[in-house]
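Each chain carries a letter (A, B, C and D) given by its place in the written order, and its residues are counted from 1.
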Amino acid sequence: MISLEKIATLIDGWLHQHFNDVITLLIECVLVGVGAIALFALLGLGLVWMERKVAALMQIRMGPNRVGPKGIFQTSADTLKLIMKEGLTPDGADKLLFNLAPVLVIIVAMLILAPIAFAKNFQIWDINIGVLYVSAVSSMSVIGILMAGWSSGNKYALLGAMRSGAQIVSYELSAGISVLTIVVLTGSLQISEIVQSQQTGWWIFKGHIPAIIAFVIFIIAATAETNRAPFDLAEAESELTAGFHTEYSGMKFALFFLAEYINIFIVCAIGATLFLGGWMPLHIGNVQAFNHAMDYIPSSIWFLGKTLFLIFVIMWFRWTFPRLRVDQLLNLEWKYLLPISLVNLLVMTVIAILGWHL
Amino acid sequence: MTNEELKIKLTELNPAATFEEGGEWLNLFIDAADLLSFTKTIKENSELYFDYLFCLTCVDWKTHLTMVYHFSSTKHRHNIVVKVKLDRTNPEIETLSFLWRTAEFHEREVYELFGVKFLNHPDLRRLILTDDFEGWPLRKDFEDPINMIKL
Amino acid sequence: MFRQTEIINQPSTIPPSKEEGEYLTINVGPQHPATHGVLHLVITLSGETIINIEPHLGYIHRSIEKMCESLSYRQFIYVTSRMDYLSSHINNHACALVVEKGLQVEVPQRAQYIRVIMDELTRIASHSLWWGAMAMDLGAFTPFFHAFREREAINEIMEETCGARLTMNYMVPGGVMVDLHPNFQQKTKALIQAYYNRLDEWDELVTGNIIFQNRMKGVGMLSAENAISYGCTGPVARGSGVSCDVRKIYPYEIYNQLQFDEILETGCDSLARYNVRLKEIRQSLKIVEQLIDNIPEGEFQAKTKAVLKLPKGEFYQRVETARGELGVYIVSEGGTTPYRIKFRSPGFSNLSALNHMVKGSKIGDLIAAMGTLDLVIPDIDR
Amino acid sequence: MSASVIIFYIIAAFILVTAILSVTTVKIFRSAIWLLFSLIGVAALYFWMNVPFIASVQIIVYVGGIVVLIIFSIFLTQKAGDAMPKPVRSRAIWSALAVIFGIAFTCNIIKQYKFIEPGNKNFDVHINDIGIQMLSTTDYGFVLPFEVVSILLLAAMVGCIVIAMKNKTEQK
């Protein structure tokens, strides 16, 4: 059976046969970069299409259905339109930073992709502090938004950037703490080890109630960190027209749009890895027949399936909930989520020390 | 109160008022100088209690302007119409915006469409038209050859 | 940015000038998603807190009052459909009533029934659209589509009978222009049934949502005294507990024979205004239900002269539109055209209370409060 | 020159260029952004040295924390977009002197230090060891400095709250 792992080792072996180490490394770097960009493009197109279809499902309408079967090429057509559009830069803008901001946002999104395990033994960089790396790099994305908001020279954009800054910095805390609860259970920050530790059962099932609480908090915080409704205050279109990207058009706007979807994919991938076992298939106790059947499904499908499920949940939020007000948003974090997740972490630590989770 | 009762009561309050017959509601003319004190009384008097100014406008009679105030009571459900004649060349009248907050916007509208100056108005600026607009559009002698309104 | 303003007196509503940088001034509109039209609000902010709001109107001012002065009593009604375009039937109704009052024409029973049914259907359509737009202002998109689906059914009914979907121009002095379409009764009855189910669905989707309730509770407070003082009418005033339903207090047509309640809420906040409107939809459905099977046979239009001439005098008619009390004031000199006409529009007075309602709250609250005012800009500008 | 050395020089050049830009630019917001890039460069250097933990901490503390704080305070001050006035000449002279002194001082120290070839010593520290070291109370344990730093951060936080509270009462 062909798996991503086999393809990767095959390419690696072939390159080593024909070139020396340095050139092999260089070619592999290029391959990984091209692969990441291709994945970005695919994810962007696919997720936007998915969002439209999910929205249409909830809003009793068809969604895109003209360009290609079921409208799957609609987003490609839209991207083409955005590329053709003139990228306007306002007069009062700080031109350098204005043009740099969308690129920075995309680069940050790209960097976080590194430690994610897409399939069994298929990872760009299995860094030993995987989870810490993700939360560190993701904290840079706020800078891109602040830069975009400030350099536009627009008051709406500035207000949006300020909101977004306050929001991301706050919600990073509870997201980080809910990630920590799983780290406490596994005793490792490495993504591959975290996935490996769920061989006997996903943490959401065998991590007791604190794991479930942590999962819920993580999903809420992840929605907030990606600026999605009901936490989309940074771009609240009925209040701030479009928030931090009010002044962006054409491809620069498309980059922000793309980064939003990439970020959703990444947080959902992290959620799937930590709580739903990453690429681990679903196993039920000692029911061998069932377990073997599950094993037959490739690990990459498992990973993608779990991630898409979480993405669907986040999209579902967006199309049903109204938006919070800015003070309610911060209250929710500082008065409810943060204390709950702190206590939750404490309980989890006790469980881990006493070994109840084994 | 019926119109007849209102008429007796209002004559007591302001003997100088003249009444106009016909129409659904009681119409009375008062002097511009009396307006503020008179309206204050009819608002605060518990038998009259005209707490609701539901319409405020102006009519250009070519010789003079008439301010028309429609009052209603949310307690007694009776209505009156108070009218004030104004000089056409220099129309000035006290504002009612401190007694009825709704008067603030309506008076701004009347100011820019008829050119009536409301004394002591908190924020008497143009509301609808551009600030360099000349003339008072709802006056009968207003002519605008570019944007023809008359059909 | 915005026009320099001619200041005659130092306006009290503008805060004392502070050093630049202390306050942020932003323009909401004339092109802004939350104003639903070309309304322009100049907002002074301190951080996210609103210090002052100053509406600038007139972007679509068409001087309807001046136009009406040169239109005959049959013609001017068509202009009024363009004022509050979401309750165009009711605007037409008010104008037809005031002309009938002047001419002292007896309107046939059938026409009265049709008029009231049309008014209530318009009110339902207007409130439905408002509900969707309100939810969208708060960031929930889905209700908008659900609201439009229901409104579409009403528009189709209107189209069959009146020949138009938005600016109907169906009511004329003396009655209605044409008789009902044969499908009208059956379609309307089906609509009422569907609507009751939809309203329950709407409550589940939006009203019960905790985020929604938190956004609306205690936002845009308007006390009963202030509501009266600002001349607020309609659901805005009734949300503050002020009884002001013209259909009950000064009934016109056959409203005094109908069974319906005036909805009053005492919350004084956005949630109260929201609840008033949703309950009003149910009351309107009830009214249509009472009438739809009992439309009397007979003429749909009274005999009137070809050229109408109102006697010398003044005529005032108020009706309850979806937004509140609409007053039509006609001064007649006995000619074929009105000497002076004034429309007292509900939106204009309701808007004047906005500054008072949201001063000191956040930008998000402005949107929540402005949404419940249900502003239709042509109604304000005229 | 191996690939590793080339990467080192690229990173070093990046750090130096952005650092110089951050002190020479006349717009304060841009200055903060260049500082940010310089700090990211330092983190990249840590990654190059194969100490990802330090690199991550560098990013979390400096990039995610301190630069965001700096940017926020720039937002809250006036006219962040305008060019700053040219510094007074005397101040420029003094700062040039300070820079020369600093360079001389550093050079002197580097000269006195004897660099030892690391050889092929494997520099792979497991994250668990760092954690244990951080909280150990034995010799070469870091629990005391760790706690002292916590107290410092706490003091900074209390200070921030006090400043924020003060502004609020002034407004009223």
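Simple rule for what comes next: a residue touches a chain if its C-beta (ideal position, glycine included) is under 8 Å from a C-beta of that chain, and two chains touch if they have at least 3 such contacts.
Computed from a predicted structure; not experimentally measured.
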item	value
Shortest walk length in steps over touching chains, subunit A through to subunit D	1
Identity of the chain that, by mean CA position, is farthest from subunit B	D
Euclidean distance of C-alpha centroids - subunit B vs subunit C, Å	24
Euclidean distance of C-alpha centroids - subunit C vs subunit D, Å	60
Centroid spacing, where centroids are CA-atom means, of subunit B and subunit D in whole angstrom	70
Rounded Å distance, subunit A centre to subunit C centre (Cα mean)	45
Residues of subunit C touching at least two other chains	none
List of subunit A residues in touch with subunit C within their complex	55, 58-61, 155-156, 159, 163, 229-230, 232-233, 236-241, 319-328
Touching residues (chain side subunit C, partner subunit B) in the complex	3-9, 11-14, 55-58, 61, 63, 65-67, 69-71, 101, 226, 228-231, 233, 242-244, 249, 313-316, 318, 325, 327, 329, 331, 339-340, 342, 344, 348-349, 351-353, 356, 381
Contact set on subunit B toward subunit C in their complex	22-25, 27, 51-55, 57, 59-60, 68, 70, 74, 77, 81, 100-102, 104-106, 109, 117, 120-131, 137-138, 149-151
Subunit D partner contacts - residues on subunit A that touch it in the complex	22, 25, 92, 94, 96-97, 100, 127-129, 132-133, 135-137, 139-140, 142-143, 146-147, 150-151, 153, 158, 161-162, 165, 169, 172, 187-189
Subunit C to subunit A touching residues, read off their complex	24-26, 32-34, 48, 135-142, 144-146, 149, 205-206, 209, 211-212, 214-215, 362-367
